[in-house]
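Got some structures for you, see below.
Across the two complexes that follow, chain A remains constant while its partner is chain B and subsequently chain C.
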Partner chain A sequence: MELTVQLLVYGILMGLVFALIALGLSLIFGVMNIVNFAHGEFMMVGMYIAYLLSTYLPLDPLLSLPFAAGAGYLLGIVSYRLLIHHILRGPMVAQLFGTFGLMLFLRYLAMYIFTPDVRSIKEGILVGKTLSMGWINVDASKVFSAGVCLLAFAVIYWMIYRTKLGRALRATSIDSEAAKYMGIDTKGMNALAWGIGGATVALAGALLAHFYYVTPTVGMLFTLIAFATVALGGFGSIVGAFIAGIVIGLIMVISGQFVSELKFSFIYIVYFLVVVFRPRGLFGW
Partner chain B sequence: MRQLLIDIFSFGDRPRFEKIGFLIFILIVFIFPWIVTSAYGRAVMIKFLLFALFGLGWNLIGGYGGQVDLGQAKNVGFGAYATALMIVWWKIPFWVTIPVGVFFAVLESFAVAYPMFRLKGHYFAIATLCVALVWKELFIFWDWTGGARGVEIPIRTGVDFAYMQFNSAIYYHYFILFLFLTQLLFMNWFRKSKMGYWVQAVRDNEEAAASLGINVTNTKVKAYCIAAALGAVGGSFMAVYYLYIDPDAVMPLDLSILIAMTVMVGGAGSIWGPIIGAAILIPLDMYLGAWLGAQKRLGIDFMIYAMIMMVIAAKEPRGIWGIIERVRKKRSR
Partner chain C sequence: MGIKKLGISSFVVILSLLILLPNHSFAQKEVKIGVILPLSGPLAPIGKSLKDGAELAADIVNKKYPGIGIPIADWEGIPGLGGAKIKLVFSDSRGDPAWGAEQAKRLIEDEKVVGLLGAYQSAVTKTASVEAERAGIPFVNPDSTSPDLSKRGFKWFWRVTPHETWFTRDLFDFLDGLVAGKAPGVKAISKSELEPLAVAAENTEWGAASLTEIEKFAKERGWKIAEAFKYAHKATDLTSESRRLTGSKAPTFLFASYVSDAILLVKAMKEMKAAPRLIWGQNAGFIAPDFWKTLGGDVNGILSRDVFAAVLGKVKPEAERINKIYKERSGFDFDGSSARDFIGVQVWAHALDKAKSTDPKALQKALNELNIPGKELIMPWKGVKFGSPFPGDTNQNELGSGIIIQYQGYPDGKPEIVFPFEMATSKLIYPFPGWK
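Right, the complex of A and B next:
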């Protein structure tokens, strides 16, 4: 009983982080129908920023969050302007290899700068602390991360569904041509989607760095988890990404409890089953 | 029978400069180990031929078939493990293990292909990647495969043609050259066969192909399985060449990417593309690796790869072969 509740709580907390990671991928896919293989590498950048700021400057890792989000935003915009913009019109294969190239570039740039060493954040207000609620013990950093993820989700949701900018973004995602004729700067919207995507995932990375090790190769795994999450929630759906993130978190934590060596395989299998048998996902259109 | 032999060995439909280029290439690889005597140079050549072979197999599904498969490493792994385990457990000669590895690769590919080909484009690419990673995790997880420790093939002394273990790289050179040429001739036959035209028709326009009576799914599944078989052969070679395999060596994602990349860089969907791609990437990789190993700095080789990949994706999705074709068209006009 205690174990069950503990696992459920952990699963939901991890799931909220996964949901924030998947949000950007889903948004980018929804707006311009392109899959970003470098998504996890954007997250890795966020993790390194949190690590560097908290290790080499007298800053608490919490204070690195806005820096990570800002860097992610810039990275997204720059990637769009320099690369994605040029491969959008090309064949699907070229798009795939373009973002794959971006992924390899960021990953091995990190490898070059930081060497493959595994690092982790050692000091911080929340690092290593546990909260006890009755007989449930949870990491304070995980609870806080989940809270920030909820908040970020609410902000993005509000931005997309309640503001004029969000309406323009949605118009672009539904019909980019028509949106252009209505005077919407669709290229700007594309860049914005990449910016938001980069900012949210880098923020998630900075949160994750509180309780997860940092290596240059950490990104691929989370890219795949994000793919599974987005496929499950339905490509392009924000609410779907939120709920699917929690489901994926639960699957990973529960399966990890029983066969820890294969916990990622379960996520890949979920992706496979979902796209094959319900390609729209849970909430896709 | 005569027609079949002509189809296999004839490059008659290719322009003259391609035939001449191919002859020069064959000549060079044949005399190469007699000119270059350094162990390192020979190792580079063997790796080049191995990846050209992998590229030929991938080109079938990824180039002619237009299906971006990012899981070819799993087939390499099946081949390598079939060979290594059978030699270690039962001392079965190498040549018997090749068909077994091919059999398992095709069986697995056939089993996952039908659900997989309900997917297209990005979804398909990610699914192939997921399947390959599940296999890799399983091979690490299982005990009977040696787990993460891998499998070591006991070393035999001298020259052994049953187990294909040699004390000199020259033997390995001609051994991989033989496998490479078989696959090249197979692909030469394939691209002119009915099946080859079906595969290309499906790539270019599925609806049109279907309306002409081609069974789209069956064609894709067959192409996927044949590509798996070709990859497994290379895996078997890896087992007896390196004499030590583990999931990180023969099944990693990086291998899948490198295989796909050689073809993309060289030119997907052309018979020479994989060879050109491997001729550029493999020496680059080996020399950068040697130079960087001395510098103790990792990653520059892959950063250069990544740059090449991004530039090719943005500027010339048909790879170097696409550039050659374009130049030639301009000249002939």
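Right, the complex of A and C next:
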């Protein structure tokens, strides 16, 4: 019982962060049918912003969250305007290589600026604090991060399903040509998808930096998990990313307890089964 | 034949001679050694410190460093090769065994290196050294510790560092010593206070080998194990693995981890308020600068096996002097990994000097017969001499040894030596003080 509760809590907390990381990837794919390989690097940028602001300015890392989200939004928009917008005219392969190139550029730019050293946030209201609740001891920043993830999902969900802007975004994702004829600024919608994608993943990065180490290659580890999450949840589905994130978090924690060596295999087995039996994912359209 | 024709013919003859003559007769000015290290990816921070260590040794061989107190500092190049300078050609293994082997091949065939050095991760060393063996080019390995590597009967592979069997024997000597009351500053501890053991190891070549060695010695010495498992080393999360250790209620935690996993494990154990009496890491991640820099005071009381500690300077003044230069250049003290890559280049320098040639056969003979006395090394070793210290070993340095360090007084402290007990530089902190 004790073990079950502990694993559920750890799995869900971690899963919510995975879900927020995957959200932007799913959104960008849903709207534009383009896979952003640089997604993990956007997260890394969010992590460095949290690290730099809290280490070199007298700012609690919690206060760095809006800055990270803002910077992620800008990074998304700028990437779209300067790169993606142009490569969209090329073949599919050019689009793949384009975002792959962006990934390498951001990763090695960070390597050049920050060196490969591993860093971590050392001080903050929540950093290194443990909450004890009965059987469970859990990092306070993980609980807080999970709360922010829930909130971010609620905001994005509301925006996409309850506002005019969201309707335009959905229309673009269903049929971009038709949306254009209806007077929707589809290029603007594409840029918005990149902006939101960048903002959510950079926010996830800033949250993660509270309890995870920061290094230029850190995005690499999370990108693969994010791809599996998006494929499992369904490309373009917000609810899908949310559920799939939690499922992946639980698989990871439960398999880590019993057969740690194979925990990634379990994730990819689930991914494989979904691809074979339900290629559009659990909630994809 | 006109003068013009004669001129052209002589030019062609001279040019052909230049091309046909063996490379080494012209190579006296520079000897290329290929160095394969993980310079990108999760192990890049360690890779960088290893590169710094190797570069410093090459610099000390190539230039004059008066007053250091070891012979290579007065050489100004390799004396046996007319003062030829060592040139290190670095190549990134990306921490990938297949890519590492590719790099070995490239260094041998394209860069025409006279020999190789590296590659830190045992899994990469294993594949890269196969390429050297195939080509008949010497591979000096200062920094990989999977016991298997020196048990393959290779003729072109020499390992300078002691390996896991050795270090694991040290660990159990240490544990038995605690029970016998030999540790300075600590009364004899009853075995039941330290038993059972819980072991977590990353799942590549090195971690798996460490786990096997620990299980073997535990059985031999009669120590019970409650949990022993391998985990995926490129992990995004190690919460459940830490939970598994904590849940086992074992008082002694043993780890074989690289740096990112080591950081995640300690953070997760702190989060779960784990309260073991002893935490011991099998070097690697547990001694990397990023480990203590990232975790600060949370490392206090953690033990790691090692081969070098800056406090050794108290007993080895030459180590202190070289460490000072290293620190000026890299910003850190030497650790067991960077100090061993320093020694790796030193071994190459001595082998080249002894061989008086860059011919592979001559180098092979020189390495087989090499004997560097301990006083010329920055390590607390008796020296470097290749032989068969454990059953099945070939070309394995017989004169190496390990130490166990404990982090004390961080974030401003230094690792103190607590084993061998007679070399201890400080009292052992026991039990592990826990995390605040």
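The rule is simple: the second predicted complex is superposed on the first by the 268 of 285 C-alpha atoms of A that agree within 3 Å, B and C clash if a C-alpha of one lies under 4 Å from a C-alpha of the other, contacts with A are read in each partner's own complex, and residues count from 1 in each chain.
Just so we're on the same page, contacts are C-beta pairs under 8 Å (C-beta built on N, C-alpha and C of every residue); 3 or more make two chains touch, one makes a residue touch a chain.
If you're wondering where the values come from, they're calculated on a predicted model, not measured in any experiment.
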{"item": "First, second, both or neither for A:144, with chain B first and chain C second", "value": "neither"}
{"item": "First (chain B), second (chain C), both or neither touched by A:83", "value": "first"}
{"item": "First (chain B), second (chain C), both or neither touched by A:115", "value": "both"}
{"item": "Partner chain(s) touched by A:67 [first = chain B, second = chain C, both, neither]", "value": "neither"}
{"item": "Which of chain B and chain C A:14 touches, first, second, both or neither", "value": "second"}
{"item": "Which superposed partner A:153 touches (first chain B, second chain C, both, neither)", "value": "neither"}
{"item": "Partner chain(s) touched by A:269 [first = chain B, second = chain C, both, neither]", "value": "first"}
{"item": "Touched partner set for A:130, first chain B, second chain C, both or neither", "value": "second"}
{"item": "Which of chain B and chain C A:98 touches, first, second, both or neither", "value": "first"}
{"item": "Touching both chain B and chain C, residues of chain A", "value": "111, 115-116, 220, 261-262, 264"}
{"item": "List of chain A residues in touch with chain C within their complex", "value": "3, 6-7, 10, 14, 111, 115-120, 122, 128, 130, 132, 137-139, 142, 211-213, 215, 217, 220-222, 225, 252-257, 260-264"}
{"item": "Chain B residues within the chain A interface of the complex", "value": "62, 66, 68, 115-116, 118-119, 121-123, 125-127, 129-131, 133-134, 137-138, 140-141, 253, 257, 260-261, 264, 268, 297-303, 305-310, 312-315, 317"}
{"item": "Residues of chain C touching chain A in the complex", "value": "39-42, 44-45, 47-48, 200, 203, 229-232, 234-241, 243-244, 247, 259-260, 263-264, 267, 270-273, 290, 293-296, 298"}
{"item": "Chain B contact footprint on chain A (complex, rising order)", "value": "35, 83, 86-87, 90-98, 100-105, 107-112, 115-116, 216, 220, 224, 227-228, 231, 259, 261-262, 264-265, 268-269, 271-272, 275-277, 279"}
